[in-house]
């Protein structure tokens, strides 16, 4: 009946956001959400195992802060040009994270945060190729990704 | 507004006509798409160009103030039919490409 | 029984007989068709004879029923003396020919078909004679052309028969068309197509300004049919027909139709100088040339054919003179010619039959083997030559007498006696030749068939009968033919009927002297030419090379084919570009010409300011459109991307101009179209921008012209668009919709209410379009075969597969898996959200932007995304869309909703709207239009999915094809190595 | 018509639609079931068409108005049944039945979804004949076109795909022109309903009316493309000759659809009033050019298919010229001509396939070239004995002869009757002393010339096909293939014998058309069902 | 133009304007960067300004405006922000990877080769 | 006062967004490579969507929300397809 409760909940939420709250819409939205969840179930995706879901808000907050920060940074780079010694460059980084959903979240975070982009993930080697706009030194970046996001994601999903 | 829209329609028509007169099937299909944009805007335009009006009936707004809905309905139908025919033309040009080996509108080979 | 009804019987009998004969499926049956045919002819003959007392009493039999009364075309039959005598002629000679043909046709010939055609022809001929309506006459006139075509080409295995038949058909058919025009003009002059009225309006006709064109057209019809110069050449070629056909058609009936017509319309048309000139010139030339040509024929039937031409010329000449007495002679000669010429044809047929040849160079001394036939032929040809005591002599004397008379003061009139005598001499010469070359001289040695002997008696009987007629009429004209001729003549000439005497002896007068000169002269000519004729080629000296047939064919081919083909290539095209150019050009002209011609002016332009953002949008949009046009040739992907940009600007415009529904729909369509074209792009050939082809001057000119055309169209569209946009319509039907959408349609989104309610029928048609297009796409792709150079995997995949293959730790397809690893997760999780969006869009359609169509597109995009993310196999392993079911269901729901209104007595698609009280939820709007929209939704999902899936499947199909081909070539290779 | 029979007006649209929808639920392999559904629908449609055709004719040949959705005109869409639409519906149904039966022998099994597309084509055609609304006309035109694209391509193959692509490209542009025209008309008149438009034209201000004219002109081009006016017609012979036989047979009515719309609109909008005679000169010249081009094409055709295609142009050119001359009597004759030539050409297209079956390709091409270069004439062996043709060939030959006679307008079949009716009307027989105009003379001459050209071309090809190439395999022809051809030819025979009543029908129809007030009033005064003129169920 | 804006207090209007300008300004800067940055891989960073805080700012402005002007919570715009945030990376990732492949296939240098690639 | 503030802000925002669109369009035309054009299109989409939202604020109507939402949720799909075409030469395998 409810293969993905969290998904169903989000869908109901979406429905209510779209239509405004009323009892009728809650009912209708639930129907639609259940129906859409079945659609999802038909796709048989790898079911993510959320272990510590309560850590999610923390993740969101981290991302929020990073986005603001890097927005400013990138805007400055565009408007003023890069400070001397700073270059754009590629960065290969090993990852321990294996869960597909977690990887997806990490990729989304890294890409949507201005200044870094997720290019290529090698599943057999388990390393990822990133492109960074303002690469001061690789270590700082690797360290930030690993400690700030990967660790947290591994806690949540694995 | 009317001027801008008219010029836009005219230029899209020019581009579309130019393209449909070209020898490559791909050019023709792109030209037809451009032309249908132009025509859709044209149809839309005949109802009069009104910006910043409620698109649906609202209380307190006189109904007659709204944009003419008839051309809109016509454009909707035209969009749908345009979509269908684009798909069809695409497949036909693919079939022609498969059968003749090239993408000339007359199935002729390059050079000629 | 009313005698008038006999007319119908007379006319119908041959056609019924023809039908009956045609349905004898046993093609070897010989006697049954003959019996049918003979019975038909005999009964009809009996019927017509039984009509004689009435006819002789001056009565005109009539029968009429309406056919196309609005235009004065009635099925009206009319028999007077002239028609009667022709009826009897047609039927009696027909009967004889049928009898003759019974013995003539060989065992291998499909007899039923022959008699079927013959009877049909007979019917058509009777139709000409009996028509009381000139249009009906022309109907039968063309029918004789058609059936004579079938009869001449009876032996269609023979090229000569085919060609001869076709020529006859072409010439007499065209003549028939001319006759029809002439009759139409005649109808216009007289105001009726009724023969009686026409015949009674002679003075009016001759005075009418349209007289000359009308006359020319009618004469074209008559002269072609009667094989008059210069249309004579089809007749000799028609000799490829079986001889009974020649005897019937080319002596007694069909060719007589022309002169019959001239005689029939003589009272109405003749008596003018134009008539005399046109008819007389044709007649005299034909008379002379026909006789001259006849002398030099080597084929017996050829000789008879030219002789026929000549005699018809004689009749035509007589009719041209405008004198009643000459007309009497003409009618008399028509009858006489029929008797002796039919018998001669039949005799020629017997000779051919018995010896296997008709070539006079080979024939000789046949009198020994064919004494009776020979004798009969001699009498008949004596009649043809105009020897006294035979009927031919009588009418020829009358002709000579008329020739001497002065009718019009012209050179032709003066020449006529000499021409007549000379033609008479030629006629004597060829008649002697016919007899002498065939029956006298040493015994023939080169005959294809040895030992000719007399035919069965009944085959000879028709000749005997006709020769007897020749004799009886020739000796006792006044007692035999006299009364009948009088009846016929009276019915043609009416009050103008002259006194004439049908005596053999009128004393020694000019005609007699002319006859004697002709006889002696003819004999002399033959004596002189005998040696030459015995060995010369077919045809007269000098003119031999000039074959009318060849000229005709050359002209026909040149005009009707070479010129036509040239013109078709010049005036038409099979290429698309010029066609589209024409379409665009005419569209431009049709749109702007009315404006230009009437000096249209746009209302004075007032700058009311523009939204700068909107202006900026369109600066971008225009740039993108120009870029699209510029890049479409070599940078397809770029052009596609930029086209997407233009589409987006259009969407934004719709939002700007308060049309959110359009914006949403356009956006969704944009997305699907882009993917669609991308799916197709894989199958197009690579383009190399480097090879900038050398542009010839012509190509540059063409481009310039196209550019100018395009710019003109653009300017025109701008102009018209601006004009119409600045002219608001005061009283559009839109106001009704705006006023009533909520109160009567139950929706606040007026556009949607229009789509599903006010004009729901449009939507029904629109989804039908989408559905049928999807079906077409599917059907076409089922048989799709890519070009050879698209068969291989795309280059990118080859490189990536190579990479996977070369590394030991990787499997095939790892690259794409890694490529999509992260994106596909997101794309999959978008699926339920897009479904929810689709439901949302659908539900709010009636009141807010959205509706079945947008929702359907949204859902199909959700499916599409899964195909994109996981590939076809992956997606179909999980979701099996059955697009056809969706489509069928959609169409059925939509139309069933419409039909639901019937149950309440309302017209199709009448919507029902009310608020429903639902527990817990409260008032819920429920419109039947929503159900209709559901149909739309289902159909759109199904169609879009069908199109996309069918296209997407090609990649898999091609893999399969490639695998099959690979295994085939491998197998072939293995086989090859095994053989080594 | 009252009661439930009133709903019959919409049946010619709904029956094929429902059938097409139903057919989608059947797998391609269930051919018999599909064929039966399709056949049943077509037969039913035929019955409905007959009922509508014979329906009680009201004042001046007017039969009925159907208010879709119970919305009063001009707000809703109306279907209008009058003499002309009833006639066209009947013609479409008869043609549909014949071609469908023909297709059951072979063609329906060759590609996917033949029957659905076939039914939807009929739906589009019927809708276009019935509708009284300009935009709805566009929609049904598109239904018809979309289905015709599918049917045109049915069977695939290089020839079909090439011709089909040209056909589609041109008609897509035509559709755009249609849209431009309709929207201009709406933008200047504020209505889409044809009757309402006709009534509004006199009230429209002059400069707006000019734009309306421009719209009408552009719209006209869209129809003229369909009708095949020169120089918009080059696609037609290729497309018609490349299409599968039953499809080409059915297509015979498509070009008439263009003619129908032009006839309808010119009579309604430009009959009298401020726009009287608009476009008639264009039609006259265009028709003349078309007729001339058709004649040239008929003569230059080597293959039977193209000959038939050009005959379509001849037929269209004649009709367009008549419309340009715009004379009631001539028009009624032309209507008879239209019916006759449609039946004939449909039969001819189907017959061609039967005849050409078993013939080596290009044989017909040889026929003319051989003649042109004088080859193979003398060398042929004399063959005095007749050849007993196999029964099939004989039957085909008879049908071919009938078609040739009909196409050439030779007596006695309906081709002649129709041409005579036109010519006679042109000559003004019955009204003594009115000399025909130059246009009339030209038309008359061209009509006759077209007959001559057809006679020459048909006899050339026919002789070659039937008499010269007897060595070829005798085609295997099924009964259900020849029966439709015979059926259509029999209809022309009926038309011939019943020429008087048929002509009377045409006259009534044309009279009704030339009196647009009746049409306009009927549409505008049609009353919705329910309370006091308001949509009762709303 | 703006009917309900009259009811809005000035501070609210300023807040809305602030977010609006922040959002559109970032979007514009992103576009400038997209045009100015020299290589493709650098250019892919630029649009993320627009998709992150560009969208965020404008959506926030919209939410504030509609919630404040109609004095009821109108937060549905947040959906736009969420979906844009989630979907934009997909595009960028796919494109960047495709570009990488193309550059490698054409040996354009400047891009890291795959390990142990031959 | 608030009207003026908002009007100015909205106009300015719209102008900036239109500028952003123009820049994206230039990139679409100039390329130099297909990937640049595609990102240009993506960027054009996003900016257009933002423009729609500002338009909504400007007019005070929520009715344009659907169009923006559709771009937000589905706009990426054509770009995805284009990217996949670049990478694999085939959109759906």
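Going by the order they are written in, the chains are A, B, C, D, E and F; count residues from 1 in each one.
Everything that follows uses one rule, which is that a residue touches a chain if its C-beta (ideal position, glycine included) is under 8 Å from a C-beta of that chain, and two chains touch if they have at least 3 such contacts.
None of these values were measured; they are calculated from a predicted model.
The chains in contact with chain B and with chain E alike are C, F. Under the contact definition stated at the top, the chains bordering both chain A and chain E are C. Comparing each chain's Cα centroid with the centroid of every protein Cα atom identifies chain D as the most central. Placing every chain at the mean of its C-alpha atoms, the farthest one from chain C is found to be A.
In whole angstrom, the spacing between the mean C-alpha positions of chain D and chain F is 49. Centre-to-centre separation of chain A and chain F, using mean CA positions: 22 Å. Each chain gets one centre point, the mean of its Cα atoms, and the points for chain C and chain D are 15 Å apart. For the pair chain E and chain F, the distance between mean C-alpha positions equals 9 Å. Contacts with at least two other chains are made by residues 135, 139, 142, 146, 149, 153, 156, 165-166, 169, 173, 180, 184, 186-187, 192 of chain D.
Contacts with at least two other chains are made by residues 1, 30, 32, 44, 51, 76, 79, 83, 86-90, 92-94, 96-97, 101, 114 of chain E.
In chain A, the residues touching two or more other chains are 14, 18, 107-108, 118, 120, 122.
Contact between chains, using the touch rule, shows up for A-C, A-E, B-C, B-D, B-F, C-D, C-E, C-F, E-F.
Contact residues on chain E toward chain F in their complex (touch as defined above): 1-6, 8-10, 12-14, 16-17, 20-21, 23-25, 27-28, 30-32, 34-35, 40, 43-44, 47, 50-51, 54-55, 58-59, 61-62, 65-66, 69, 74, 76-77, 79-81, 83-84, 87-88, 90-92, 94-99, 101-102.
Residues 20, 25, 28, 32, 35-36, 39, 42-43, 45-47, 70-71, 74, 77-78, 81, 84-85, 88-89, 92-93, 95-96, 99-100, 105-107 of chain B are the ones touching chain D in the complex. Chain F contributes residues 11, 14-15, 17-19, 21-22, 25-26, 28-29, 31, 34, 37-38, 40-41, 44-45, 48, 51-52, 55, 63-64, 66-67, 69-71, 73-75, 77-78, 80-82, 84-93 to its touches with chain C in the complex. Put simply, chain C touches chain E in their complex at residues 795-796, 799-800, 803, 806-807, 819, 822-823, 826-827, 830, 833. Across the interface of their complex, chain B is touched by residues 574-577, 580-581, 584, 605, 607-608, 610-611, 614-615, 618, 621-622, 625-626, 628-629, 632-633, 636, 639-640, 643, 646-647, 650, 653-654, 656-662, 665-666, 669, 672-673, 676-677, 680-681, 683-685, 693, 706-707, 709-711, 713-719, 721-722, 724-726, 728-729, 732-735, 737-739, 741-742, 748-751, 754-755, 759, 762-763, 766, 769-770, 773-774, 776-777, 780-781, 783-790, 847-849, 853, 943, 947, 951 of chain C.
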